[in-house]
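Both of the next two complexes hold subunit A, though its partner changes from subunit B to subunit C.
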Partner chain A sequence: MPKLSIDGREVEVPAGTNLIEAARLLDLEIPHFCYHPGLSVAGNCRMCLVEVEKAPKLQIACNTAVAEGMVVRTDSDKVKKARAGVMEFLLLNHPIDCPICDCAGECYLQDYYMEHDLKASRLEEGKNKKEKAQPIGPHVMLDKERCVLCSRCVRFTDEVSKTHELGIFGRGSTEEIALAPGKTLDNPYSGCVVDLCPVGALTDRDFRFKSRPWFLKETATICGGCAMGCSVVLDTNTNPYNKVGQDRAYRLFPRENREVNGWWMCDEGRYSHHSVDRGRSQGPRLRGKGVPADFALARLAAEAAPLVKAHPGRAAFLLSPRLTNESLFAFRRLAESLGVAQVEFGDDLKAEGRADGFLIQADRNPNSRGARELGLGPRPGVLGGRDLLKAAQGGAFDVVFVLEHALDPAALKALAAATKVLAGFHVQEPVEAGIYTVHLPLAHAFEQDGTFTNVQGRVQRNRKALEPLGDSLPAYAWAQRLGAALGVPQAPDGPEALFRAWTQGRPELAGAVFEPLAAAAPAAA
Partner chain B sequence: MPKPKMTFVERLYLPEISKGLALTSRHFFRNLWHHSLASLGLESRDRAMVTIAYPEVRRPYPLVARSRHRLTKREDGSPKCVACMMCATACPADCIFIEAEEHPDPAIEKRPRHFDIDMSKCVYCGFCVEACPEDAIRMDTGSFELAYFDRKGLVYDKEFLLNDDPHAVPAHAEPLSRGN
Partner chain C sequence: MSPITPELKARFEKIVARYPKGQEQSAVIPLLHALQESGGGHLTTEHQQAVADFLGVPMSKVHEVTTFYTMFSLKPRGRHHISVCRTLPCALCGCGDVAKAVRERLGVGPGEVTADGMFSYEEVECLAQCHLGPVFQIGDTVYGDLTADKAKAVIDGLAKQGGR
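Let's look at the complex of A and B:
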């Protein structure tokens, strides 16, 4: 491993590392626009110029690999002058409309101007005018005036999404980013160019003008949109005009995790935060009528407890691959204490989509693998989801608990007709909530702590960013309240204790700790 | 802070009391004298005045005095504000609430859908005015008599803030008193 010195400090890094990454290891930031660790090196912005001993001119740090004995200076007067010069050129025709720019607060130009430039423009002629606020796809807005032509977005569409929608056209001061003829920026990962763009040239149409980034609270969590479980940051906040009166989700963007999603996430996941407010089930219902939770549980217990006690074999739990490992474990424990053997998670009933070989998985549930690893899949003596439904419709069960499954109304009606007690737990209000004897609202994944096991088998930490809406509760909490109502009190464990309980006896998870799991802070690229 | 020590004479109590009474009496007799002369028309009332008969008489306020806010307007009467939220960011009392929306004119792009200031929290520091890049908010209405039967009256909305009349009363508030 070559050893080099940067600003007089020694560092040893693997061969092939560039100077920007090497400096990062020393907590030194070399300013840059065009370099992004997830893309090829373009070396066109010249912001990263540094002085390398024995080199006649300043070198670009992004395209200079480390070498043994290299002596690099990032703080000399020559470097500072070069940076100020680059900034002056970049700002020459820049509109500086920060007051109406969604990027303000997260803008490289703003930060670098304060750090490396800080002087008034010397331009006496008028600035070049270019097109502003142009929607270039369903999710992205382009402002050509703000672009610094770093080509990150172009390289993204060439190298990552491989859809080639964007290009740089024209030359000189009229050079601009534009769509390739006949194309729109409409690919499954198009939102990523907004995160990539170091300035406010590409902004998110969904988040447009919703808030200023410095007002938002960040939570490092994971996306529940598919089995990949991309690392994300969820931004939340409230304002007096939000009718819910508590923090709501504003936006979701990827968090660097080279093991899972790199720097990216798909658009479907990115805009999935709207599901926190879409059609939510907020109050317990008894045959469709809104009732207090205690009352609903008491009635459920009164109807179900004698049946379950008399014939535990005629009761069934249909859990879901959308529940956290902790909730699945809590329900499994509840079923065990009731003596119910039929506990399944409906692997064959779950939502499937199309996999794209990159991030998007066919399995659109965050925790199928976790459920399988918890031993909840079809197994001897336990029916799989489809068979369970068929058997239940044929009258094999008196009591059925359905958690987080969007069953179609006809199947549901047949199920309700053939069972004596049908209890449902869902995040979204089911179309015909009245079919359920009792229906209880579940908290959204963003409203609870827990873990999901992704398709690679990584146990990832899901963090609570919002308070549960209405009377909804995480499934593990309902399991505990249900246990108490049914006369089999459960340990009042929180997610952390449940995590310890289910990871016990799993050698591959020995020593796993709940809190720091995937707790890496959102990293800027 | 240490308590100031009293001298021996001060602690005797009576000398200090008489000093205070002497001061009060001096003002009383001085005013009696000047008011009497003024009533007889022998001198102007100015010399005698010790208080202003507010609210009938008002002191002229300096132009830079900070009074309740207003939002300035473009030529077409729409707010100049572009909903950048600099004022809300600078506000130490956290009393400015803005929700932005798309402006129909793409050259302007952004405008406030809601712009509320909770005057019951405002500390009249003027930071919002300093922070505004558009000269869209000013504290020059000269109006500072904000009194309502209800706290809601002190939450000024965009429509009210666009009203230049210093004596305007928000539509949703019942005025306590209006002075003149």
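Let's look at the complex of A and C:
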């Protein structure tokens, strides 16, 4: 591996590494606009110029590979002057409309101006005028005046989404990013260009003008939209004074994870965060009527406990691939202490969509693999989801617990008619909540700690970003309260203790820790 | 209907054959020139799409080329197309006055065509005739050492001729 020196500090990196990445290993940031580790090198912004010993001119760090004995300076006067010059050109026609720009606060131009430029404009002529606030697709707005023509978005549509909607058209001062004739930026990953844009040229139509980024709290978590489990950052804002509307979750964007999603995520996942604030089930219901949780649980226990005790074989739990490993484990343990054998996660009832061969998986649930690995999949002696429903509709069960399954209302009615007690647990308020004897609200994945096992078998940490809405609780907490009400007290374990319990005796997970020492920070690409 | 006629297709194939295998997209500029010549002096969206499909490249890449080079026009031009150079050497030699004179004589702005369809006007980047600056190009002819009066005289001469 070549050894080189950057600003007098030695570093050894694999051959082929460029200088920006090599400097990153020394915690040195070489400023750049167009370079992105997930895209090809364009080398057009000239911001990353550095001094390389024995080279007659400054070199762009993004396109200079390391070499043995290379001596690089990123802090010389020559470099500083070059950066100030590049910034002056980039800002020449910039509208400086930061007060009304969504990107203010997370803009490379703002940061680099403070760090490398700090000069007033010397332009005496008027600035170029270009089109502003143009919707170029269902999710993205384009402001051509703010653009620095780094071409990250163009390279994304060429290299990652391979949809080729965008191009750099024109020449000289009329050069601009625009849609190719007859195209709109409408591909399953279109939102990624907003993350890629280093300035405010591409903004998210969903997030526009909703909140200033400095009011947002970042939580590094996992997207629960499909079995891929992309690493994401969830931005939340619970202060009523500096936001628009009542929503608590503001946006979701990908977090670098080269093993799973790279730097990207799909639009379906990106805008799924609205589910944490909209259509939620918030209060316990007894035959459709809102009641306090203790009352609902007491009535449920009074009706169900004698039946379960008398015939554990006539009770069933239909769990869900949307629950965390910890919640699945807690319900499995509850069923064991009740002597109920019919515990299954409904693999054949789960939501499916179309897979695209890139990130989007056909299985639109975050934890099918985790549920199978916990032994909750189809197995001898236990009815699978569909068979269970059929048997229950035929009167094979007295008590059925349904967790997070959007069942067809007709099937649900038949189920309710054939069972004595039907208990439901859902995140979103079901239309047919009144059909359940008792319905209890579940906390959203963003409102609880836990783990999901993705399609690759990777156990990934889901982090709590918000307090559960209303009376909703994570499923594992309901399992504990239900156990107490049914006369089989459960250990009052939190998610970390449950994690330790279910990973015990799983050699492939030996040494796994629930809370890493440093929670992964969002990627600065 | 594809704008590529059988004759044009044969010409396209001959042009593409000049480039190494696997680098057929290098032929984009000569193909666009051939299509513009035969297709009435300008390139429509269908023309560009046809070239993109012929070469198997995305439309955006063809459109990048047609919008970069002033030799390609995306709109109909006049019978005489006047390209005034506005790059630095010509600017230092006074192309601003020449451009102003042309605009006044024709009564049109950049990218516009006169009402009678005789002239169109455009300001372009370097025509590589810096030693003659200020220059403009009409058709395939470059006129150098221009002044406002000389420029008007050239246009008057063409106007008198009427058709080519």
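Everything below uses one rule, namely that the second predicted complex is superposed on the first by the 515 of 525 C-alpha atoms of A that agree within 3 Å, B and C clash if a C-alpha of one lies under 4 Å from a C-alpha of the other, contacts with A are read in each partner's own complex, and residues count from 1 in each chain.
Assume a residue touches a chain if its C-beta (ideal position, glycine included) is under 8 Å from a C-beta of that chain, and two chains touch if they have at least 3 such contacts.
What you see is a predicted model, and the numbers here were worked out from it, not measured in a lab.
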Clash or fit (per the criteria above) of subunit B with subunit C on subunit A: fit
First, second, both or neither for A:L166, with subunit B first and subunit C second: second
A:A305 touches, of subunit B and subunit C: first, second, both or neither? neither
First (subunit B), second (subunit C), both or neither touched by A:N239: first
Which of subunit B and subunit C A:D158 touches, first, second, both or neither: second
Contacts of A:P181 with subunit B and subunit C, given as first, second, both or neither: second
Inter-centroid angle subunit B-subunit A-subunit C after superposition on A [Cα, multiple of 10°]: 90
Which of subunit B and subunit C A:A355 touches, first, second, both or neither: neither
Nearest Cα pair across subunit B and subunit C, whole Å: 25
Residues on subunit A lying within both footprints (that of subunit B and that of subunit C): none
Residues of subunit B defined as touching subunit A within the complex: 82-86, 89, 97, 99-102, 106-110, 113-114, 116, 133-134
Subunit A-touching residues of subunit C, taken from the complex the two chains share: 45, 48-49, 58-61, 63-64, 67-70, 125
Footprint of subunit B on subunit A - complex, ascending: 97-100, 104, 132-133, 208-210, 212, 214-215, 239-241
Subunit C-facing residues of subunit A, complex: 154, 157-158, 164-172, 180-183
